[in-house]
């Protein structure tokens, strides 16, 4: 349990390289669960490594419990980390890998064994304890890497995509275990993931990064429902939010945006009044696939909900849902349909647009219009 | 483009080890897209390696285009593979890595350059072409590994979790690219993934493996909607299918199963008539979270749909949905709720159970009851 | 960047201390080489020369007797190069190939062969002098540079194979696998993937082989021809005299001169002791 | 056709070496073995002598001394050079300024022929000329270092000189090994709270097992074949108290014209090596198998 | 034709003398291929010779000493030089003791080059003067003087503790105590009775006593370092062959003034000889054979003998030479050589391989050096051991 403050942090690899991290400021409370997300190569692992003390700081400070630790040795920071690349000790068995840190802490043998058993059970690797890392499958290696961190009780956990190579079922289980662990120990956790569900369900706060910069920091709901800009909006959520460029017009029913489906029919969607000042101009409408669905009688009567009859493009059944693509204003828009209700490609279907949850962006600055 | 037949394939690591693969029989048509799924450590990578000719075959045959290739050198099989562990050439730049195979094929320099540019653009790694693998982020390494395979046009592609370390957005893009690639070239593809969406959207057929055995082989819809046994049913889908043990009773409304919520109220759910022979016995009801939802007027009147008033447990907002946990028959059941409709933990809510899509299993054999 | 913490100071201290210890004999040799003979006979071996004279160096280089000719060691350098360069090159290459096969293309018996080979490095070279002489004689290679190169290759092979095999077992097998799938054959993988990541071990190997071959006296004297004697034979002739006058200053100078090419190799090789040649190649 | 060539390539590549090793090592060993059973003296002859030479050898005091010496010398030399080489390599691996220069200093003893450095060492170790005298001159009169001229200690001076000569190379081997270690493993260990010494001891050195293997083979090879060293430094003296088998073998086979005896001693040496080496080799190669 | 000559004369003076031989040969229209291999009194050269012989590629001439000549001849490698010998009348100008070594079954197979006297005592008169001691001529005097020197803080006997130096001193003592006849019996005939006699015990006892007058740092010391100890007055004397003279001369010392050469204590009139010689190998090419014969002839010419021996410190093998250019030590040596040849006091050096085969010599070396360096060495036991090893090595 510790606070972690990152202040004006810069990182540059090599002397003349570009800034890999630029002016990162994050203040993490004791016991907080922070999730880092961002496109591949945006600097998440670099940031983690710097928190751990494994990469040199180009500029700025990292403070643990309000003490600047820039010059503190990694081993003295009391941090446990799961590496993206696993970094298992190739010369040791799985048991040895997990035991290593405990031995260094001079934990007694019986206690150590208990701890190893516990962790191994949790990660379902009991039967692998005597294997060498080279004899494990990818997911098994990843779990050992997890085990190495979980056996310890440090001040801060750093998890760098710890579940990426696990199957969905195991991932759900692990996610629950991590949640429980966090609730039980209240350790501060920084966690990198590309999994939407993990990010939404585990995080106290999510930090969205891009190109070494911090774009938004907020609760999962904030990030999801109230994104600061188009990038964040488009990045969180899968399938991603749909962006429709349309011009705002004043009509009898209030503000509307006009859409063209498949270059044939023209439709209009209601827009909230706060866009009044954009009348005559163009905005980007951000609407998530789950807001474009079959007509749902319950919602139909809500304000800003409209039903359009559109021609379906490609259908992608994903199991629980079927994602249908519709071309609007020359862009493919994904809608989420119920797989139980038959729909065919090319067919015209009534789709309900719930514009009440839609968000709007300035097409030039890509910033939210609030 | 080639057919790939795997016949009675066995694999054992070491002399006296257990069977890592056991009697695998898969016949893959030319141009088919086969996805392998299964829990971590079940033998997927091993199978891929054997197809590529990188692991020795303990018993059985692998045939490409109906010719047994057990003894054919990997380099003569004309297969491209993305390794789960990347296996980039550390001494070469990204460009060198991608170029390597092309050089071996004696492709001309201008053509090679064109190909590299194409692949690099596709994978968004143009700016990294002159870096060494050690200077890349995890996701970038994975993309280089992809690039190495995609630059070639082999008879068979093998992808071993090629997108696991990419962010959701990029993953969607890559998924589409792979799909397009497949449609354009019609190359036979074997693909390992833990991503439900990838599996469902990409595959012509999905092979579900467990402990080195092939459990079910079928189209995505078959695997999802018509699983052969409890394992397959529970494995595909996220959140996973709910399993309720309940005894089948004959009542006025036909067959019903009784449920107890939170040890207080008793409820009954309708069961299909084909379970008649299980009357008085117990069955496992498999019902997916998306079949337990808010009351939906459209469905409410369907046969086998019932509404129960249940007490909500933990709520997990995932963004597009909120997963609510309900305790039924001492088991936590997840239901998928609309995040727009407010629900609070502890509250009693009407939940609609759509038993028409539910599946049933024998509690002893865990096999489907059809 | 590198701060001088107590730990680092200690490391520097140890490193420098050992430098001093290692350098002591060289210091003695250098001092001696600048002394006159009476100075050597009379003085303390670590005392500075009474007068610094460079004559010994010139003599060692150009006019000391190594037989009936008294032209110093300079003429022998070429002989040594003619023998050492091909021998080092060939044995390193074969060793690398052998190591590569034994580590990554195992076949039944390859390990057994490796074990047998290793055992071979323990046979005393004196044992093979005569049978090898007979063999070379049969093939008409007796007392030729080719024969000498052959002998050095044969007995160097064992060590180069050992070095490379033990290096290559640590290289992830995935790399070879990936290359195989990319369509690379045996040699392509070797030259394009393995050799480029073997820099440090190639250097170790060259350091070892070059030193062994350059400094070898036994094979050099026994299998060389009278006009192709390597520098060690000259050095030996210059230094070793049973009943003649010993000129220690010339001996020392000659020894240092004879070692210059080897030292040069060490300095050059140093550049290739680079870090992390397999880093970032495979996950896990 | 081409396919089969590829398949055979590894074997083809190895076969010249196999051939050379078979003939030039095992063939010659067999020849020597045969010689050891003959009356060969000045030059090889083939008069059968049975085990006579071995019997003579076992009765020879000098042989026994040299074997014991080898044991002392070998064990000390191998252990010290490996430890020292490893330590120096580790220290040198800490981003040291002037690494190149220091590395060359550690290596240079290898470059110098022992024919001459032997003389320098002889002076340094000689109580009347070298260290002891120097210390006395500097005022430390109780300093005593007379191993070179002492019957019991002379073999240890061999160890000193041999370590001086070879530890640099061991250092180079380990340095090359260290440079190949994946830095992410070190990072993981740092995070696990391990101090640098622990990391080296528990993680890095075990990863360098193959290097260690090379080092053991190389140093034991040097130990067993130490010949120039002894000739130059002590010539086996005082008396023959610092004699080593290699010198014994050479002296008898070539200088004294007792080729049969020399051959027998060579065979005994090989036998000894075999007895010690085979278990190590076996365990090492087995280990890698898995 | 061409002759390839294997020798181990590489130090300045020696090499120059061999150079003269080369020139003389070249003046006769032959060419000289030099194959010099120094080290350990020819040990390395012998190794080379053996391998070359085995590979079927022996040199035309090789520097081979003493008994080894017989061995090589016995194996049939050497060519017959009787025609040259007859033409040059070797039998007349060279003493029989020497020619016997050069002959195998009565045929000349080798050519002698020079004669070294081994039993010399080199002393620094200034040191003796300072200590008030007399330069000894007998064993008893030796110990008296040694005691005085020691008392004066001077190392009495400069010695290098190497097996061959030990043996050199040992054979000097043995020659004194056993006398020439028993010396021959012991070291040439390997007479068991003499080897295990009480006299032999005395030899060892005296030998051991000498070690008290040697400094403790002697083991491993090169002979010339020992010599320089005499030169610079650290030590009083040294027992060493006449090659030691070269060191004195090189240091700018004058014989008779700065240093003196005397027979080793008690061996006045006796002469332990060490002969260097070239053996000629059987060759196939006839013009090379011509050159080889020319070489053999040239070696024994007075011109070469003079030049060579002046450089080397030894004396010519020809007894009919003009010795005017030689110094006092050499003249003394020559005189003793001739005299002892008559009196039977001319004995072969055991330490230098003239007396016996390599294996017996080696066995004796081992016993002698081990005894000398073993503080607890017991003369009686050692004598028994000596007899045993010699018997075993025979």
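So that you can tell them apart, the chains are marked A, B, C, D and E in the order they are listed, and the count of residues begins at 1 in each.
Criterion: a contact is a pair of C-beta atoms (placed from the backbone, for glycine too) under 8 Å apart; a residue touches a chain by one contact, two chains touch by 3 or more.
These are the chains along with the protein names UniProt gives them: A, B = Sn-glycerol-3-phosphate ABC transporter ATP-binding protein UgpC; C, D = ABC-type sugar transport system.
Treat the numbers as computed from the prediction; the structure is a model and nothing was measured.
Note on connectivity: the fewest steps through touching chains from chain A to chain D is 1.
Looking at chain B and chain D, the chains in contact with each of them are A, C.
Chain centres here are Cα averages; for chain C and chain E they lie 38 Å apart.
Between chain C and chain D, the centres computed from C-alpha atoms are 15 Å apart. The geometric centre of chain A is 21 Å away from that of chain B, both derived from CA atoms. The set of chain A residues touching two or more other chains comprises 85, 88, 138. In chain D, the residues touching two or more other chains are 6, 119, 129, 182, 184, 207, 250, 254, 290. Within chain C, residues 129-130, 185, 217, 236, 239-240, 276-279, 283-284 each touch two or more of the remaining chains. Partner chain D is touched in their complex by these residues of chain E: 40, 43, 46-47, 50, 53-54, 68, 71-72, 75, 161-163, 215-222, 357-359, 361-362, 366, 369-375, 392-393. Residues 13, 37-41, 44-46, 84-85, 135-140, 142-143, 160-161, 164-172, 194-197, 200-201, 220-221, 224, 234-240, 288-290, 294, 296-299, 316-321, 323, 336, 340, 354, 357 of chain B are the ones that touch chain A when the two sit in their complex.
Contact residues on chain C toward chain D in their complex (touch as defined above): 2, 8, 11-12, 14-15, 18-19, 21-26, 28-29, 32, 44-46, 94, 97-98, 101-102, 105, 107, 110-111, 113-132, 135, 154-155, 157-159, 161-163, 166-167, 169-170, 185-187, 200-201, 203-204, 207-208, 211, 214-215, 217, 232, 235-236, 239-240, 248, 251-252, 254-256, 258-259, 262-263, 266-267, 270-271, 273-279. The residues of chain E lying in touch with chain C in their complex are 4, 8-16, 18-19, 21-22, 32-42, 44, 47-48, 50-52, 54-57, 59, 116, 222, 224, 228, 231-232, 241, 243, 246-247, 250-252, 312.
Against chain A, the residues of chain D that register as touching in their complex are 182, 184-185, 187-195, 198, 202-203, 206-207, 209, 290.
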